[in-house]
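Sending over a structure as structure tokens; questions will come in a sec.
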Amino acid sequence: MRNIQVSELDRRAVEDQGVEIVERKGLGHPDSISDGIAEAVSRALSQLYIDRVGKVLHYNTDETQLAAGSASPAFGGGEVLEPIYLLIVGRATKKYEGQTLPVERTALEAARTYLNETVPELDVGTEIVLDVKLGEGSGDLQEVFGEDGAQVPMANDTSFGVGHAPRTETERIVLEAERALNGSYADSHPELGPDVKIMGKREGDVIDITVAAAMIDSYVADMDDYVAAVERVEEFVTDLSHDYTDREVHVQVNTADDLEEGSIYLTTTGTSAEQGDDGSVGRGNRANGLITPNRPMSMEATSGKNPVNHIGKIYNLLSTDIAESVVEEVDGIRDLQVRLLSQIGRPIDEPHVADAQVVTEEGVAVADVEAEMVELIDERLANVTDITRRVIEGELSTF
Amino acid sequence: MRNIQVSELDRRAVEDQGVEIVERKGLGHPDSISDGIAEAVSRALSQLYIDRVGKVLHYNTDETQLAAGSASPAFGGGEVLEPIYLLIVGRATKKYEGQTLPVERTALEAARTYLNETVPELDVGTEIVLDVKLGEGSGDLQEVFGEDGAQVPMANDTSFGVGHAPRTETERIVLEAERALNGSYADSHPELGPDVKIMGKREGDVIDITVAAAMIDSYVADMDDYVAAVERVEEFVTDLSHDYTDREVHVQVNTADDLEEGSIYLTTTGTSAEQGDDGSVGRGNRANGLITPNRPMSMEATSGKNPVNHIGKIYNLLSTDIAESVVEEVDGIRDLQVRLLSQIGRPIDEPHVADAQVVTEEGVAVADVEAEMVELIDERLANVTDITRRVIEGELSTF
Amino acid sequence: MRNIQVSELDRRAVEDQGVEIVERKGLGHPDSISDGIAEAVSRALSQLYIDRVGKVLHYNTDETQLAAGSASPAFGGGEVLEPIYLLIVGRATKKYEGQTLPVERTALEAARTYLNETVPELDVGTEIVLDVKLGEGSGDLQEVFGEDGAQVPMANDTSFGVGHAPRTETERIVLEAERALNGSYADSHPELGPDVKIMGKREGDVIDITVAAAMIDSYVADMDDYVAAVERVEEFVTDLSHDYTDREVHVQVNTADDLEEGSIYLTTTGTSAEQGDDGSVGRGNRANGLITPNRPMSMEATSGKNPVNHIGKIYNLLSTDIAESVVEEVDGIRDLQVRLLSQIGRPIDEPHVADAQVVTEEGVAVADVEAEMVELIDERLANVTDITRRVIEGELSTF
Amino acid sequence: MRNIQVSELDRRAVEDQGVEIVERKGLGHPDSISDGIAEAVSRALSQLYIDRVGKVLHYNTDETQLAAGSASPAFGGGEVLEPIYLLIVGRATKKYEGQTLPVERTALEAARTYLNETVPELDVGTEIVLDVKLGEGSGDLQEVFGEDGAQVPMANDTSFGVGHAPRTETERIVLEAERALNGSYADSHPELGPDVKIMGKREGDVIDITVAAAMIDSYVADMDDYVAAVERVEEFVTDLSHDYTDREVHVQVNTADDLEEGSIYLTTTGTSAEQGDDGSVGRGNRANGLITPNRPMSMEATSGKNPVNHIGKIYNLLSTDIAESVVEEVDGIRDLQVRLLSQIGRPIDEPHVADAQVVTEEGVAVADVEAEMVELIDERLANVTDITRRVIEGELSTF
């Protein structure tokens, strides 16, 4: 029997608190670039191992470091002066049963492909230098996710994961606005770069959304063009926000601009990494895509970790997944927080404690939902290796 | 008038919650080494600028990356095989009014001095390679902390800081145990390396303290010696914990050891960075020295940031400082959480909101303490530049 | 009046010596790759400066270092395991009259383009990592080659250049064989990689040509295929050699192969840099494309040096150019050696001494050719800036 | 029977030629620093292998690259601004029969020790960053120099070595002046840095010696002091030169100085690597310590190569050693040039040809000395492994 505890959450739902702060660093932010490459490398290595030896071998690539370049953006098209330098750091098994595996080449390929997709205006190789240092890991390998089916690994560390659901209105606006800007909006508005940072602040029933959006100089002819581009983003986010809330929403874009001084957020490549903004893994969004100081957060850097045996990664993704499934299937939940704590020496599907704390909706008692919740959580825990599979297949985002 | 709000905290005091988790990565942990070097470099650059040009110029050195080495520890003394590689990344002003400033040499000196003090068994230059990449920052410098006295800088970003007080019993045990182990204990027990990681878990009134302590092979003759060394740490932490709690405490040290397999936590240099554990800035302890998932945390990496004008750094240190002063001077507070949110374009001593949420002791109302709290908070905000000074002088720790 | 001296060369013509040794490292040899990139970067920077500021500014990029990768070639197609690492080192002016120039990006672009052309099977970015460290040069710039016409720069160093003509038969075979193999032959025989090293040894009238030719695995199906490919090269070089000599010629290809052991010269990318062979600038061919221990050689690394003001580069290319022109226009010369020695503080077209030593053909006295030679040499010296122009335009090879 | 050929050298003795040019880059020159470190690393690895496994394993460390720093020297003491970066590149066997060998740490230790001895004013770690990239070599190891006595290895490449004796007067002055300046002179004149470059030019009976000598700023109070220091070097070299010649000698030191402009050769560390001068292995002195365009030279970079099995290294050192022994023991030789050419697949003590070309003194015929020479050469070839031993023990210099 798994140790699953359901109790009342000892605070108001975040949606009902007086002040709420939420942040998301978009795909092109230097920290997110680091997260994204770390995770892309991780997926590629998992796939390499499965293809070559039938199972995932030991690795961790959760330490990408980005050192910013310098650039001189200009209306109509500027240029990068000094390339960004990005160092992929980690451990990976290079030899297995007589085979030598191209882990460094695979890492570089994955990083290049990821960058080409995510920051398409950045020329990989001349505007960013990709370098790699993958050491051998420690000797004791755990190989548990193979073609013969998945086994549930043992926990070898005390680790903690936390997830929440449902998202508050502010959280949804912040998350969906970044996704839409970096999705459909960017497709039809090439002047918007992927380095979009969104801060949401709610005081009572007033939501302030602050967007920092890197514009790409080759698609911006002059200052009027720039101002129009900023206004389009503002309108788009304002419109979008009404899909998620009836509260009052104020959207501001590139508030640090000083048009008279000509100090605006114009870039050549669409990311601030081109000029002075360094980045690294685990410094930005948590596993659920957001930074939420109103909620407990794990410090664990999820991106780049081995999805087969790194408990911290698995438990952060799994707790989020559990919270979302429970809220989707069980009625009457206003806020749910799921915590998983590992137990050294036990299979990871048997956590020391799986702790679901809930704020129920008015008229609903914890007892009303407890049984259903326990059942769902139990089922999800039993299928823990699903998380591993979905990470490798790229279905789950880690930042 | 500063916008200072005092209200009741919308949850139980952490001390009274059912489950509490606390962690601290000790000085020799790869993430803490990165934090420590980033901050040592930052202090050295501040001092360099003050000495040479009379004020602190623009810099940020918050992106140190450590790529682990490999080693073969052995009873009586093993050896490092491949050096650790540590890259100091950041921005720093190199030229000012015709003077060229030795920022990279200064950074390397600071890092070497810090490592020699903190991880003395690690030979800098052969067991760890220190490298540096400091770019020029963006052009707009803010110089506000000089010999003519300090000015309060303007906020140029939306940033958030959070602090708490008093520490719970578990928090105190975790923090003080690491400090004592890396202090008086290590002085008299050279076999204990600085890479000590402590995890505290409290369920109700039972506290479990798990210590991972890197032993240094040249001071450990054989397995019996090792076992004795581990037991000494266990006793020491158990004794120490009774200074901070009357609760039941269980201490476990190096629980992942498998003595029969000879798999123990033995190192040559006292840090796991020698063998496979990478590290980087901002991945470990928050500004108050702890990782506390039960409390709101800022994702901001405090170490290495410019203490004159980086609001995130200042507000995280200041909110902690405010919380601690208030609790020290005002009676009747069981738990206090202070949040500071910046307001773009306003001096940083005038935050958008300074929000103090409090759990009072039984019989004390928020109204009873509000006035005194507001006064204290106001005074601290007025003296915000004190934080900068104390950081530069090394009085405030950032991790 | 220029100080031009013509005298009899104090030895037999190399063609008439008993033993002669000649070597050429082909385009894909790790040292030649370093030379080629250094020179490609140099040309690109010259062009950048001319385009942007109308004249060539101070730079030197003569220090590329290549650290080999590892690979596992296999019949039908193997793979690179660890990428080659190539560091472009040098100095370049980054700021000029308020403009900032993209010297590092330009260097990376030039290197990538050069590699794509020269070692097409090598995927730049995943099979070779290109990195760059260009410091600022020393302060005293010399800008002499601009759009307003070229000025002749002053010599600021004691430097020496030496050139010869005509090439001996062995020299011609070695040089032309490499060019043909890397030219027409490779076009129609994709299995031949660019890393072709040719050693020529003549004893009396017997010439031994030893070719080390890297075969590309994806075009070689099996051992028979490999043996046939080697034989084709042998036949081709044997045929070609008869265009340049009537002497007895023996050609051997990949003599270190041990077919039974399966130890053959098979590569994945066509260069030995993929597996263990490092390279750097100035270690291979001299400015005339050959290594000729029978002749005086300059140690100067010509590739990557600034062609406007680096006397060593200019004098090595110019002395070769002079020797070749003289031999082409003046009859009766069997061997000619031209030495140029700079004079500090004088324009470089006025060398301290231009010293032409000649072996005349039977029946021709030095006096018979002296006047014509002096005139030709004087004319060439007067047009020294032609060398600069031809280097920048890529007409002159430096290795 | 070894194939040893003695014949008359087909030119005048270099001592009797009209123009002679000789150069030596002193110990502190960036190219010599690279050579010196490469060779120090090589010796340390040889010693490591002998100590740990009883024989020298496969390695080559002949590719050190130095990227210059920047500095601001000043009378009385300036400072380094940006550190020099030095990358040790090469191959070394890391695992042997279950043992893992600390090759990278050993390389860094050797480099640091060498620099501390050779460029004592340069602070290793802050004024120069030492980094290392040692790959695994190719698989086929040759282990031939062990505790069980030395075996003569087989030649696996066509390689060529050349040596000469005796040194001309100009050669001796250049070599001995550098040694004395970097020896006794520097001991008593701390203002002289190790970066001393000496160029000797003889035209007929007039010898011009040009010295470029880096002065160390902390020992030079002002311009008068500097001028006096330069004059002292000039006097010292002038005096020394009379020990080696009766010819007319002119010595000039730091001729590029412009005292009025304040443009002088002042450094903080004693090497021009601190400011803009890059360096790498094999670009400076040949194995005999000199650059001698009047004599055949090998392009082979001797420093850093494996002294057990690298024929190029062994043959260059051995041919020099043979030439010097023969001249010492056999009377009547005015100039001797020894060439060794390897024969693939034969032991290296049986070269394809050992070719001694001699200019005898007046009244001496080649036939008079031939037998004695052949005997001596034969003996030296038989003891070829002595070269290996002397290299490992540091008795033979390679640059």
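Note that the chains are named A, B, C and D in the order they appear, and that numbering of residues resets to 1 at the start of each chain.
Simple rule for what comes next: a contact is a pair of C-beta atoms (placed from the backbone, for glycine too) under 8 Å apart; a residue touches a chain by one contact, two chains touch by 3 or more.
Everything numeric in this text was worked out from a predicted model, so none of it was measured.
Counting only chains that touch, the fewest steps needed to get from subunit A to subunit D is 2.
Under the touch definition stated at the top, subunit A and subunit C share no contacting partner at all. Chain centres computed from CA atoms place B at the largest separation from subunit C. In whole angstrom, the spacing between the mean C-alpha positions of subunit C and subunit D is 24. One simple way to say how far apart two chains are is to compare their mean CA positions; for subunit B and subunit D this gives 51 Å.
Taking each chain's centre as the mean of its C-alpha atoms, subunit B lies 56 Å from subunit C. The residues of subunit B that reach two or more other chains are 70, 82, 85, listed in rising order.
Contacting chain pairs (ordered by label): A-B, A-C, B-D, C-D. The touching residues of subunit D, counted against subunit C in their complex, run 7, 10-12, 17-19, 21, 23, 60, 62-63, 65, 67-70, 82, 85, 87, 89-91, 133, 135-138, 140, 156-158, 160, 162, 199, 201, 203, 210, 255-256, 263, 275-276, 278-284, 286, 291, 293-299, 301, 339, 341, 344, 353, 355. Subunit C contributes residues 70, 72, 79-83, 85, 94, 100-105, 108-109, 112, 124-127, 129-132 to its touches with subunit A in the complex.
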